[in-house]
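Right after this note come the structures.
First subunit A sits with subunit B, and in the next complex the same chain sits with subunit C.
Entry: the complex of A and B
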């Protein structure tokens, strides 16, 4: 069969981006938009899983790599596409219970959700800087509008304005960095830039480009650093995570972050891999700073959205330590932790959104006695939070173990200062236990402040149950297959 | 043939003007305009080196970036408009209800 069948998820997204506005003209029914987006995301998810991991089922012949000039389908891209589509599906399902039927502009909301997903899918497959930049911008523009979606809500609009201005500034910086790289290499593809960089280190290319490469890396790092929210480019994240409607926060924290990491991996672990020598120290300091600052700032937070935002800055720091190490093991650990982070953060924010939507509020205090109100949601929140700390046997422990172990191996084999990053990561994990346990203590050891009955929507119950299954049962039991998947992905990433 | 270093100097001056505008200005519209200047700086590089290398891809990027800049302004103005409707101001210093 033709290779273009692998574009089906992107095509499905485009069709429903056109389809939902058409539905808006045909019917005024708010339910129909969410059904349309659920169906197309569900099909895209099933297709991605079946076409790549069970190709016999659809009688496709999969060669392991489908490559066009600017677009490539490989183990790395498909693994992340599955995560993006799954997160968008969860967000789309949760949004139905978060927004009531009276909420205006729902057609726009689901259209933006799908176009944001489309941008992420493009980023996952991008093999040149133009495609990468376009994908990031498609996704980012849609999420600016989604963050500011509630026009009557003061905080939502303010968060949207902040996110827009900072995001626009950061994309300007990235683009200038890319233009400098183009100026010295004359190429925009990752392969072209990478072979030029190898040419410099082999002495094939004559000339001294050290300063230009340094400056352009600085710009690209600053721009992508905003997307993944690492220190010192993190200031927007808590404000936006707190102000945005919580389903949108779920998308930003789970999928948008992973998209930023894909861009960082593709650029720093593949394209600029041979010049990363000078960069290793800078990236290591960024990693150490973001985990420390994130964890310290999270301790004093009263709002759960802000607390989780700072925790996600810290998690970005953990993932970053693999890039100085730059071995196959370390990169596969980083990929595993990015994937599992999407599940744990997504699961936590789904519950935060649900608690907020039923009227209990977004403060830590509102989690008092949640175990009595709903044992399932409390258990799911506990699993997500313990997984974020990295307590065995949950999924977060396994991925963090891969990550730290792979990086440690690289540190023992090569530069010894990388070991300090791993030690910093482990100490920070212990530090982070404090603020995660505070939430768990509120949920289990206190009584609810008012004894009123609260009805939780069914969709959130099912999703929480699924999150518990994944994080506490499925990943711990089948950690070897998770490891295999991430290993294949990192081989596809590093060998290009 | 003009030495390409002139283009790089020109574009970096443009970038600095844009970045200065983003950091110093209190008015959100002016900040958006400054971001446009930064994108233009990158475009200058792309077009100059596209003709230097005789490679079309730089010019294609410049076209795409122009489109992106237009979309950015459209979304930006929409968000700032709804901000203005709520607060009667778009002074960035007053965006402080979300803090710590």
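Entry: the complex of A and C
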């Protein structure tokens, strides 16, 4: 039972999920809920960082895996758990300034936030399809409610309805794909399915399963494709990102997307790796379509939320190119870009939320003259956006370099069509520069439309400062360590 | 069993003991009376095998030199034979030298060939005992932070910026002097950054980069002084200038492709803001165009860098290490890589037809921005071409020589013709930059020592004189109120000293003997005449146009009757902070025009090294 300590983050989540409703009964103070959620997320974050850097301190054998039947704690899961908890913490802190004190149902909001985080943590550790599915659903159901949290607001309700319908549909697709796999392999664990697939490619298992595997891959990809919002399963993302309260959007764009990617990595890069011939091309096409459509559509957007949503679709396309490559380097590049993307997008949405909350609006025009109103927020937004383009020396360039580097290496060694994906990615980066620059231009080159004084909450300023430090100083200087982290995670992922 | 092991041992040792294998075809399918390849370049220790194409009986016999037709008791394959093969004795290829041979029966039909044995040139790498180059990178950054700390103060930012840039100027002079005329890289430093990828901060200067370092150092304080009375956000302005200076130094002193690319891109960010915040009316359009144009081009360049990296085994990004392996690159690979790199660099040069961002950026940029843009940033393109493309893909470069020549001549003529038609003085200078950089590109395209050296000298000369031209435009805007040439006239009477300086700068820029631009043009044209003969008339005609638009602009703007469109009582002499930079530039231009060897010597040594490396000498 000693190993239970590694589930401290999950346990903390569960305790506070029960605790916040209890607080609601005991006290009417709206502040107490956010404090409770901040504390539990903060402890979970500290624990995860400690267990990562000081494995001895917690007697965690980092190379060995602490495995229950359905959970596993390894480098891969720990790395992503840190991201999930950190994002949730940021969202929780930002939410306090986003909602004013009179906002009703705050206890429910923080409970949902924590249960959504719990779902993500479960996904990070899942070792079988059922646990994975369960985690996704825990997280998804909580976020359906969070998206529609402001029920007086038409857009929020509409977004919630859309998200629920599409999410439920995609879950059905995933489940159908999983059931097909179960039907032929008789197993639900990743290891079991993986060894069956190895058997097929080695000729140990006799029989022609090509079509079934292809169809189940297609269904699983379609289901998970909705979660990570890649073309052609992306149509919900702009509406939901625009309609949801911005802190929720931050969670969706940064953490929920990473969760979807964990599922994709686990399913395709590990479980179905030996039958990669079946799905490689499909994923490659999805990746290319996703980045091109995302970038093209983002150019004409007037709403910053929608623009960032399309940019997210494009970024998902970049990350997807590593999956057909299937090498350790490519996967670690994909993991690195998923992580850095969480910071860049999270950082950008925190500012978007702040600008919206102080009443400036969500239009691109509302960013005019931001540099005069708050140089810090404008600088942070600039760093996030330039990082999303992939301009050196910011973190986005480095992770994108890892990603393209690993994929290109795999393409040169193996199938040459993968090189085309990389070139597509590079050309798309140039294309994307235009719409990101548009925001930067609005912030620095125009005067504010109305000269009213605006107060920006302190929490957002601290977070923005942290994001600048992280993206412009810390990652660029210590990118070798970032690479080592991601490499360890990708070894853990690929070797199971 | 014993023999088997012995054989195994021999087989195992074989790859270690022997060099590369080359084959010379004796007669080909299409032509029976040739050796193919007729000229073979190998390294010492390589093996050469002659392979007969059946058809005619031939043999291989050594001769004295490339003219002689008679066998000289050297190596000989035997009596003429039809078909079969013969290996050249390996002791003949052990040392550097050239072997000439003919086919005895067909020597009269010019059936001859040669084998050039040449060991890879050694590159001298001297690691310094004091980190001068790191100081170049660090000081402007410290200055930038310092300036930012005093952003509320009115005087402090410019004083700190001036102090920092003067200090950096001293360091860059020290770097220039210490580099001297030595062959190879000096003052090298290496700091590991990402050993897994083979990326390190590898710094070093040679005769190619030291003039550029000096140029960046000189332009720094001049920019700051010229912008002494900047009123809008002065602190941010100087911070961006200093960051830009760091990035420019970085481009000129790194010898690692990856770090080179990073600095190359960082340059864009401060320049974007300089144009966007302090620019003219159309600055929003110009800044975005500038950024997107150059960023897209450098992505293409990055693809070229990655191709080089993977082709050499993916172990190092060091330019030196990669260039050492240039013998292993196939010709097709070299062509593609050179094309990718050339697109990246040509946009920065800028060469026609990728020049359209330049006039927009220049016209909209503030004068200090234009000074940096024309003075130093435009040099990045040609510097990159000479440093990062030529030594690594020599065959690709040779293949593209005609393209480069055509682009260069078109740039010279088209740039000059457009300048002739401009009314805005700043736009005129911008197009004249296209024309002048065309001359430099022409020098590179000759692929000779003199041509390359002329090109680098042109980069330096244009690097000091075009900022002076922009300063003239800036002075006109500040002291007269407009830089529109048709509205000007008769300024010489009202600001005689300033007008005098204008005249000298214009004459220097058009290539007056005794000033720096003339030396560069002369060198390039001599080299071009030697390599391409009377095609020289075309660029010479460009020079006539150049003289034309300079003198015409001078005559319309500075001399003649007083213009009625400006109020002459408002016209003043340029203040000290505009006068001194222009005057010091004139001094420099005259100095390097009369004593060009101070620059030409290190440049020639470096150019010789590069050509030697390419196997062109």
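Quick note on the criterion: the second predicted complex is superposed on the first by the 486 of 496 C-alpha atoms of A that agree within 3 Å, B and C clash if a C-alpha of one lies under 4 Å from a C-alpha of the other, contacts with A are read in each partner's own complex, and residues count from 1 in each chain.
The rule is simple: a residue touches a chain if its C-beta (ideal position, glycine included) is under 8 Å from a C-beta of that chain, and two chains touch if they have at least 3 such contacts.
Note that the structure is predicted; figures quoted are calculated from it, not measured.
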One more residue to check, A:466. First (subunit B), second (subunit C), both or neither? neither
So in the superposed three-chain picture, is A:145 touching just subunit B, just subunit C, both, or none of them (first/second/both/neither)? first
After lining up the shared chain so the two structures overlap, which partner does A:412 touch, if you call subunit B first and subunit C second: first, second, both or neither? second
Taking the superposition on A as described, I'd like to know which of subunit B and subunit C A:199 touches: first, second, both or neither. neither
Determine, under the contact definition given at the top, whether A:391 touches first (subunit B), second (subunit C), both, or neither. second
Just checking: does A:434 make contact with subunit B only, subunit C only, both, or neither of them? Give me first, second, both or neither. second
Regarding the shared-chain residue A:426, is it in contact with subunit B (first), subunit C (second), both, or neither? second
For A:130, select first, second, both or neither according to whether it touches subunit B, subunit C, the two together, or no partner. first
In the superposed arrangement, does subunit B or subunit C reach more residues of subunit A? B
Residue numbers of subunit A touching subunit C in their complex, please. 386, 389, 391-393, 397, 404-405, 408-409, 412, 423, 426-427, 429-430, 433-434, 437-438, 441, 444-445, 479-480, 483-484
Complex contact set, residues of subunit B against subunit A: 4, 8, 11, 15, 18-19, 22, 28, 31-32, 35, 38-39, 41-43, 45-46, 48-49, 52-53, 55, 57-58, 60-61, 64-65, 68, 71-72, 75-76, 78-80, 82-83, 85-87, 90, 92, 95, 97-99
If we count contacts the way the header does, which residues on subunit C are in touch with subunit A in the complex? 193-197, 261-262, 265-266, 268-269, 273, 276-277, 283-284, 287-288, 291-292, 295-296, 299, 302-303, 306, 310, 314
Subunit B touches which residues of subunit A in the complex? 129-130, 133-134, 137, 141, 144-145, 148, 151-152, 154-155, 157-162, 164-165, 168-169, 171-173, 175-176, 178-180, 182-183, 186-188, 238-239, 242-243
